[in-house]
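Data first, discussion second: the structure below is written as structure tokens.
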Amino acid sequence: MKKFMNDPEHFVDEMIEGILAAHPDKLAYAADDLRCIIKAGNKKKGKVGIATGGGSGHLPLFLGYVGEGLLDGCAVGGVFQSPSADQMLEVTKAIDSGAGVLYIYGNYGGDIMNFDMAAEMAEMEDIKVQQVVAGEDVASAPKGEEGKRRGVAGIFFVYKIAGAMADALASLEEVKRVAQKACAHVRTMGVALTPCIVPEVGRPSFTIGDNEMEIGMGIHGEPGIHRGPLLKSDEIIDQIMKRILEDLPYKKGDEVSVLVNGLGATPKEELYILYRKVQQILKKEGISVYNTYIGEFATSMEMAGASVSLLKLDDELKRLLSSQASSPFFAQFQL
Amino acid sequence: MERLNIEDIRSIVRNLKIKMDAKRDYLIELDSAMGDGDLGITMSKAFTAAKDEAERSAEILPGKLLIKLGMAMAKAAPSTMGTLMATGYMRGGKAIGDIESLGTGELAGFMDAFVNGILERGKSKPGNKTIIDTLYPAAQSLLQAQRNNKSLKEGIAEAYTAANRGMEESNQMKAQHGRAAYYQDSSIGKQDAGATVGLLFIEVLYEYCR
Amino acid sequence: MKKFMNDPEHFVDEMIEGILAAHPDKLAYAADDLRCIIKAGNKKKGKVGIATGGGSGHLPLFLGYVGEGLLDGCAVGGVFQSPSADQMLEVTKAIDSGAGVLYIYGNYGGDIMNFDMAAEMAEMEDIKVQQVVAGEDVASAPKGEEGKRRGVAGIFFVYKIAGAMADALASLEEVKRVAQKACAHVRTMGVALTPCIVPEVGRPSFTIGDNEMEIGMGIHGEPGIHRGPLLKSDEIIDQIMKRILEDLPYKKGDEVSVLVNGLGATPKEELYILYRKVQQILKKEGISVYNTYIGEFATSMEMAGASVSLLKLDDELKRLLSSQASSPFFAQFQL
Amino acid sequence: MERLNIEDIRSIVRNLKIKMDAKRDYLIELDSAMGDGDLGITMSKAFTAAKDEAERSAEILPGKLLIKLGMAMAKAAPSTMGTLMATGYMRGGKAIGDIESLGTGELAGFMDAFVNGILERGKSKPGNKTIIDTLYPAAQSLLQAQRNNKSLKEGIAEAYTAANRGMEESNQMKAQHGRAAYYQDSSIGKQDAGATVGLLFIEVLYEYCR
């Protein structure tokens, strides 16, 4: 296992120490717990707080989206582990400015149970809490069972949209509404080429043959829809785009934002080769591209692989997507 | 042994930690097959935290101690199973109230609340290939033993048999929850990691009271 | 070889097609040659043009730094191959606005020969050309032989500084002066854990044992100064920082900008674990950190590894480093 | 064969392409040991471009054609060796001027300018473990053959012997240029990839005129 680390048990805490040391003017922590990350500086009066949380090992997910025009706090779990309800509660208390807090997180059992517990506890402390659970991986459950779908890279769009809305001092209900709209408009599908290793486990949690790929695999190695020989990248994109396009469906005349996400070890060179084919297909389908995000937005440590996400835009989503935003892991000028 | 007192509970928690440590790799393997492979680590963490809490706490009432164990587990191991276990301990502890020791009836009440807490938190039900499928039969068997005025030793022995039967039956179920659900039909015939934890939980009780 | 690609021969061109398709408002190409990348839009009258060039496989190097407040053009070579003198000349012609062109590139034989040829040709076309060759890898040649050192991730600082100066409409001589100053103030050292594969070659050009690392290895797998068992990350940083600090040297009271660069497969989690130790050492040495860059700035495709670069700041460098800049691969708000 | 005419040059370029294709993996291996492993690919590309250019071009003067071959190579293979080869062809072609065929003397002139072009572009000198260490002895030997009025066939045979000797000597040199220089003392005893290309270059000439 070739990782830069000291003791595997301290992997997450040392990572957070590094992050806080590198960005002391941007990030801080609450309740004397390094794993309760919040935006540094003063709270904006009357602004809805947005909190997320989830396992480590997915940088820039989740804490990387705590920043201006984005999220206000993040409870950080162990590698691929949910943070605790306690930690979520502490983040909630630290970021609430009276306007309530929206939880946005991915559709995973452990996270749901803990955010449910945290929401119950927060309500006992008189903090208004609403929840939006993101799940857009079309490979993880068939159409009609959208509620069972895993949340993957597309959650970035939900953060961006909700963050912009909250920044404009919209109400908790309004922020929740646009977050739900973003969820409803986004679809993702991925493909994995190699596994990754959880530091404390020390060996891959699954194997994949030397010339194999798995289409639809989740970011923790959850099974996909097809394992087979590694195809040419254009053929892979053909398969992925077919599933994504017919799922929402995305139609002629639609305008989309495209996210091509690298899972970790896959170089940017390859992501652009993938995007080339995505763009050709969209062009053929008469779907126009408003803008693109190509890089690492939700990873699985050193896993090789990629995913494609489409967000169907309307005027409101486009306006919210375009606004300036910045965190130590993501910077966007006004589009 | 006719009843479990506060020191028995401390010993059982210690034994649970030892058992989970010993089964660490086995649970990792089971959870790797249809999950993320962390179950051995989280159970080891959860029960280490519970044992530490049991040793640290000066609590003299079983119910109160069990709630504290649940809170310690929730902090230490907030995975699916850790959170469910924690919920079980907290609900179970609350259910038995201020009694000073547990006989068949109190243990049955504890286990029943334990299982219901998990069902509520996990929004699941028996038959979905989860920890419930070993714990629920065990709890039902204890309730039956109470009705039949069985001794603690007998009750637990029967519960262990029921849990083992549940384990076997769960192997043929199709997973509906958590990561394993993504495996759909191919989960049938495979052993559920969480159900195994449930069985180990009863096994430690059984070994202690045997 | 697990890469997302079609025909290995088209790897670079398809990558560029993807990049141009993704960022049509930001990048364009000159002379009908996809490999002559230039900034889209109009030239700024009187602004010195800055060109770079080098092999592919290092994204965001080199073309990723063509953008606002950064570079104006880039000649793109094959994977780990210099572009041709011809292509450099075309870029030069396309970006010159009369104020002359500065070439900034890394110290590699093939690149030097081709940029030399291009400069000769450009002069024949009456374009003023100056060159700055960046080489700051302390592992690649001993102190006293700085001229032999390879250019690695630290070239990012040279681009940023020169780009800001040119943006302020400084003269060719002035832009060259600050670029040289940046070169003189920056030092880098890296460590590699795994090799990478050139698509057209199809297998790793070197091997490294399952539990081995190589300290000082170059970004094309050039030999480093020590190969041995993989150490704890704090120990690796101890070794790297010792060499970097004593080389310039960086001293108590200095102020630096720190770049922790991932070579490709190494996740951000690990880069921050590395930075944690860098920061501890700098603190102990009494060297203060002005700002940090942590991520992928110069890669070797899917190689696992990292490098640390320090730039010693003075008031001028700090001012130039702080200015706003943006390209499809890099965005920085005014610091 | 006493003199090389334009068609001979086209044939030799074709043979060079075939040779470089055949030695592709071998050159990759040599360049991998102390470089980036691309030399087999770039030489194959460079000479494919040269061959294509030779076939496409209607040029009837050897000097002009050789310059064009250099330009084609510079575009197709701008690596160290590609650029140096290209420079050699351009300088060599320029040096022989407007003659219609090459005897020993013209070939010696071509090779001399070829080598000097490489020395200038690469800022190197003989003895630094580069392509120069096979090409420079070959060029010197041709100049000697010219002074001794040797036939083209004899001259080339001697140049081939000189290049072979240069190859052997270069194995014991320490690399000073390019990526190989990073290997310092450990480059001693290893075979330089570029010097090998130089030898193959002469070998093709030799095999053609034999």
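Per-chain numbering from 1; labels A, B, C and D assigned in written order.
As a convention for this text, a contact is a pair of C-beta atoms (placed from the backbone, for glycine too) under 8 Å apart; a residue touches a chain by one contact, two chains touch by 3 or more.
Since the model is a prediction, treat every value here as computed from it, not as a measurement.
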item: Most distant chain from chain A, judged by the mean position of its C-alpha atoms; value: D
item: Inter-centroid spacing, chain C versus chain B (mean Cα positions, whole Å); value: 56
item: Chain centre separation in whole Å, for chain C relative to chain A (CA means); value: 29
item: Chain centre separation in whole Å, for chain B relative to chain A (CA means); value: 33
item: Gap in Å, rounded to a whole number, between the CA centres of chain D and chain B; value: 78
item: Touching two or more other chains - residues of chain B; value: none
item: Chain C, residues touching no fewer than two other chains; value: none
item: Graph class of chain-chain contacts, one of line, ring, star, complete, other; value: line
item: Full enumeration of touching chain pairs; value: A-B, A-C, C-D
item: For the chain D and chain C complex, residues of the former touching the latter; value: 28, 32, 36-38, 41-42, 74-75, 77-80, 82-84, 87, 121-122, 177-179, 181-183
item: Chain A residues touching chain B - in the complex, by the definition given at the top; value: 77, 80-87, 108-110, 113-114, 116-117, 140-141, 148, 150, 198, 200-201, 205-206, 218, 220-223
item: Chain C-touching residues of chain A, taken from the complex the two chains share; value: 2-7, 11, 14-19, 21-23, 56-57, 59-60, 64, 193-194, 210-211, 213, 230, 232-234, 236, 264-276, 279, 292, 294-296, 299, 301-302, 304, 306, 326, 328-329, 331-333
